[in-house]
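Take a look at the structure set out below.
Letters A, B, C and D mark the chains in the order given here, with residues in each chain numbered from 1 onward.
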Amino acid sequence: MTQHTDHPLERMVFFSDAVFAIAITLLVIEIHVPEIPRTAADGAYWQALAHLMPHLVGYLISFSVIGAFWMGHHRAFALASRYSPRVLGWNLALLGTIAFMPFLTAFMSEYAGARVPASLYWGWMVLTAFLNLRVNTLATGEEMRAPTTTDDDARSIRARGLGTICASCCALLLAQLVPFYAPLAMGTIPLWRRMFFRVLRRPAAVARTAP
Amino acid sequence: MTQHTDHPLERMVFFSDAVFAIAITLLVIEIHVPEIPRTAADGAYWQALAHLMPHLVGYLISFSVIGAFWMGHHRAFALASRYSPRVLGWNLALLGTIAFMPFLTAFMSEYAGARVPASLYWGWMVLTAFLNLRVNTLATGEEMRAPTTTDDDARSIRARGLGTICASCCALLLAQLVPFYAPLAMGTIPLWRRMFFRVLRRPAAVARTAP
Amino acid sequence: MTQHTDHPLERMVFFSDAVFAIAITLLVIEIHVPEIPRTAADGAYWQALAHLMPHLVGYLISFSVIGAFWMGHHRAFALASRYSPRVLGWNLALLGTIAFMPFLTAFMSEYAGARVPASLYWGWMVLTAFLNLRVNTLATGEEMRAPTTTDDDARSIRARGLGTICASCCALLLAQLVPFYAPLAMGTIPLWRRMFFRVLRRPAAVARTAP
Amino acid sequence: MTQHTDHPLERMVFFSDAVFAIAITLLVIEIHVPEIPRTAADGAYWQALAHLMPHLVGYLISFSVIGAFWMGHHRAFALASRYSPRVLGWNLALLGTIAFMPFLTAFMSEYAGARVPASLYWGWMVLTAFLNLRVNTLATGEEMRAPTTTDDDARSIRARGLGTICASCCALLLAQLVPFYAPLAMGTIPLWRRMFFRVLRRPAAVARTAP
């Protein structure tokens, strides 16, 4: 089938942006206004907000997580200039995992510290990170990359993707032991990323992972 | 009325993308966080998730369905390069059916296995599939298609559209007998599509269906 | 202040599209899944849907109304090619009235046939129609119109805008007497539009309404 | 990393528009349809609407506030033509504060006149205004500004940003004393803006604040 080179890629990127934007903005509607007696003193308001804290922290975590995936998507597709129909399905699957996160966030926030919701949340993150790696690797692969995109660019994208998978696995592991502290594992992303970037730059590794 | 060739088409496509993206992302807000006693063991959480299963399956089905309609729209409009005011109304009607799907999904999920909600859902799908065929046929028709778009491209789009209608009708039929298994009918789309593509390519058929 | 001619207009149009698309898609979340005993026969489902009818009709009306305003916006801005900062505020006000419609729709649907919600809805429509006329007249005015846009194009846009105002006023009037039938007044739009187009084309009128 | 100059900027702006548009449109779903006995006279409806007044006023305030931040973003990025990865994180933080506003609006509207929700709302506004200044200053800074953008353009953007911070601080102060009247402080924005623009234009100030 004849395809116009430029437009379908732009439209897919646009659709992805819209889904990311809606998912990230829908997070807030899971935070409900607390019920406080109208005659209450200021202290009662602060107390109600303190009870809301898990939801506020959940908002912060998921906003950062979705924002980070969006930034990765943005970074990878800035290096692509050609459309490939192969990326469409994978990208839609990635968007499906992102669009589901408002529910998982609300579930984890409602039962802060419980093992099952935290495991579900971080397990879902592992799945999302795998789809993210697949999509971003396709975007910077032979078929789609822009003429100016170098192998080093592609390697950096791949290193980021692998780093996110590792950090998500760590979070999933932590969630089994101390669910409350699982988000801290995301702080290890830069370490993993740097490690993978070094490994991927080694000639042998390059040969092995080249598409 | 004088029309600028390019921009109105782009804007209509953009608006459609936004509605598709919002409808697909709104699906999640119909899944409510289950109520579990805070002191419950892990088993209680898994049980609550098991009760939520129809909603999770509903999310998966409707995400796939809306995603598939979006991909079809994306594919058809990638072959169009000129705007025609005739497509505006039909496209808006298609968007109206898509935007209504979060309600039908929630209704079907809430009463999983019941005949009426399933019939409504799949009957609505038949209507959506008809509008989808109309819009995509207009997009690849004489008036709107890009100079590089071939008759074979248009035929492929038409075959997909007809295939979706047939599969939706099968699902509607199944919903009368075994509502729970109706979604399986959507798996027949590739078969219908291939059949229609063959039929449409036959010289006589081409002559008959040409606009 | 130096302005890049093209981009700010595109971005404003884009932002408008997004708000229209979100408002039109949010309509559905005001329709709640009815509660039906799980063991109920098919009849109970149909009865529940019958009770939901005002909400379904409300969805249909507001989807058509927002869709029509979007089509008008689309039509007017297809004739514009230059950005003017003057349109920004008016456009935002128009978007504010559109974004508020999901609430008014839910209110009118919940109390179908009551005079106050219907008056509020159609009164709001009058306000929206005035802002719509202002924005679309600016878009096709001297300052913003594309070089290829003719006076006749501008007159047609103005006639549509005036027609929508008249039809909304009729609906507001009807809402005082028979709230239930007020939507029918929108069917008079084509008549008003044709009348205004004729009036505006008369030389004297052209001279009077020219900016 | 090699970056395509134009596209990443456009996509970031687009993503921002989508988040602004969704946040501004989500405000409405926090306004719930009041419960009125079906046999009630018209007076009961108007009374119910009067009780809803704080929510309606809250919608108006937050719509204006988000709209104003969007217009500022729109104005600043109309002056930018090059992408800088440095702006990505700050912009995402700004979007995070915007996306959170539907909750704060609902909280303030529910407890109209209470000190804590109003302080939270206006304190959040101060934070948003700081991020807004940072993002818009980056957009009109040496790295990102378009060739046609003058120092005076940049100064005007900076003056607006500083004015918004000052007005937000006034509102926060007012919220401590008369929470109900805090929104009025936003009316001082033009005064602050003019003052800062004059100050920034003085040669010494220009030297001091130049990047």
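The criterion applied here is as follows: contacts are C-beta pairs under 8 Å (C-beta built on N, C-alpha and C of every residue); 3 or more make two chains touch, one makes a residue touch a chain.
On a predicted model such as this, the values are computed, not experimentally measured, just so you know.
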Fewest touching-chain hops separating subunit A from subunit C: 2
Angle (degrees, nearest 5) of the CA superposition of subunit A onto subunit D: 90
Proportion of interface numbers common to subunit A and subunit B (over half same, under half different): different
Whole-Å gap between the CA centroids of subunit B and subunit C: 26
Residues of subunit A whose C-beta touches two or more other chains: 14, 18, 22, 26, 29
Sites on subunit D touched by subunit A in the complex: 1-4, 7-8, 11-12, 14-15, 18-19, 22-23, 26, 29-30, 88-89, 92, 95-96, 99-100, 102-103, 106-107, 110-111, 114-117, 120
Subunit D - residues contacting subunit C, complex: 13-14, 17-18, 20-22, 24-29, 31, 33-34, 36, 38, 42, 45-46, 49, 59-60, 63, 67, 70-71, 74-75, 77-79, 81, 146, 148-150, 152-153, 156
